[in-house]
Amino acid sequence: MIAVAPGLDVAPELRARLADLFGAYDEALEQGDFECWPEFFTENCFYQIIPRETYALGLPLGLLQAESRGMLADRVAALRKTTLYAPRIVRRLVGSIVLRAIEPDGMRLSASFAAFQTMLNEPSQVFLCGRLYDRVVDDDGTLRFAERICVTDATLVPISLVFPI
Amino acid sequence: MIAVAPGLDVAPELRARLADLFGAYDEALEQGDFECWPEFFTENCFYQIIPRETYALGLPLGLLQAESRGMLADRVAALRKTTLYAPRIVRRLVGSIVLRAIEPDGMRLSASFAAFQTMLNEPSQVFLCGRLYDRVVDDDGTLRFAERICVTDATLVPISLVFPI
Amino acid sequence: MIAVAPGLDVAPELRARLADLFGAYDEALEQGDFECWPEFFTENCFYQIIPRETYALGLPLGLLQAESRGMLADRVAALRKTTLYAPRIVRRLVGSIVLRAIEPDGMRLSASFAAFQTMLNEPSQVFLCGRLYDRVVDDDGTLRFAERICVTDATLVPISLVFPI
């Protein structure tokens, strides 16, 4: 369930809709359905993967950054062409999702995540963990991410970061 | 919360009942209450642990397979007799559960999982991760798994797989 | 969503309030807002981190124990002074939360957790996993932990246990 910050009054239906958004996002990535991935974002979205250290200092530059749905689609195209794709599986696990605030420009949510990587003929390993900071808006009746900032706990992030988080 | 795929209309009560099923299953395994484990399945269930590679190719043979509640009970009996039981603890963590479809033969759900293993006097380690593909039915008023396929990301799975996932 | 044990009849509102408590707790720790941490507990709370082995034997002594909100505040003060604080990030991931029983002295809940640790310039690693056993009470209109017992699967727990779980 989506947890709600103290003082926020949120209808059960909204909690359910938000849970469905996160669930559908997980499901799409899990199925390797990367072509659908940009559809979870608004046209003028902001997507970033940034180490905690950089984020905490307020520095703007992430390891990966996209400022529109088109740029996300470009990333998917790049991912499809990379030879790194086939031999590994990335497994994401997202913890409890908290609706922290409802602001004029959208709903602010956050959740911790861990990602595991499995190379061919090797055991699964943790390869990344951190916190997602999201801004979700109602985009003509559909909930979409206007912003997803993936703040990674590690400063050095492995190359397989080409995968969407 | 159980997330629901786009287009499915599901009553809050059903979401809650499904969450309760998954929660009770987790709780039973966590308590080491393996004798109760087969009770979560229908009489003619299908339970399988299968590597992603094999599953993706459509090959039928899993690392472990049971085709009835009785076969699950046999597995528990075997587990109780194995000398591997005592010295390790298996910890399961399940991510968000998605209700993907409601079909005539049951509800299709999936969820990612990670399992951690702790050997005596050693630190905890990831030992397995993957995705659960479930079919849940209403069995005379009780929700039960008619099918649970645990697809593991790793092809080589450690011996402690004797534990229910 | 908070899952509920078979036979318990729980209003959706209570499920939501419990989810919010766990979500707010996660969020506070995630933000490094340790000064707020004692506020999640009752004045005469019991907080303990104890290895599974010791807990299963019924032995009382944990690796860390606090028997009041004041003692938790002391821990935070100690944590703020330790030189171990800066160079590592602890990431907690909590699985599905099960409301196991409603008793005269409070609601009994449990959930599995994994914690990951990231040292400066190193990749993230699992450092602890186990199960939380909680007793939650309504403390003048606010849900609070009257008891949180963190049972760790590993017997040897790393020094970074100074962090709240």
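Chains here go by letter, A, B and C, matching the order in which they are written, and residues are numbered from 1 within each.
By definition in this document, a residue touches a chain if its C-beta (ideal position, glycine included) is under 8 Å from a C-beta of that chain, and two chains touch if they have at least 3 such contacts.
Everything numeric here is computed off the predicted structure, so don't read it as measured data.
Trainee: Have a look at where chain A meets chain B and say same if over half of the interface residue numbers show up on both copies, different if under half do.
Mentor: different
Trainee: Can you tell me the C-alpha superposition angle of chain A onto chain C, nearest 5°?
Mentor: Superposing chain A on chain C takes a rotation of 120 degrees, nearest 5.
Trainee: Can you check how far apart chain A and chain B are, centre to centre, with Cα atoms defining each centre and the answer in Å?
Mentor: 26
Trainee: For chain B, give me the residues that contact two or more of the other chains.
Mentor: 1-2, 12, 15, 19, 93, 114, 126
Trainee: What residues of chain C sit close enough to touch chain A in their complex?
Mentor: Touching chain A from chain C are residues 1-2, 12, 15-16, 19-24, 26-27, 30, 89, 91-94, 114, 116, 118, 120-126.
Trainee: Where on chain B does chain A make contact in their complex?
Mentor: Where chain B meets chain A, its residues are 1-6, 12, 15, 19, 52, 93, 95-98, 100, 110, 112-114, 126-131, 153-156, 158.
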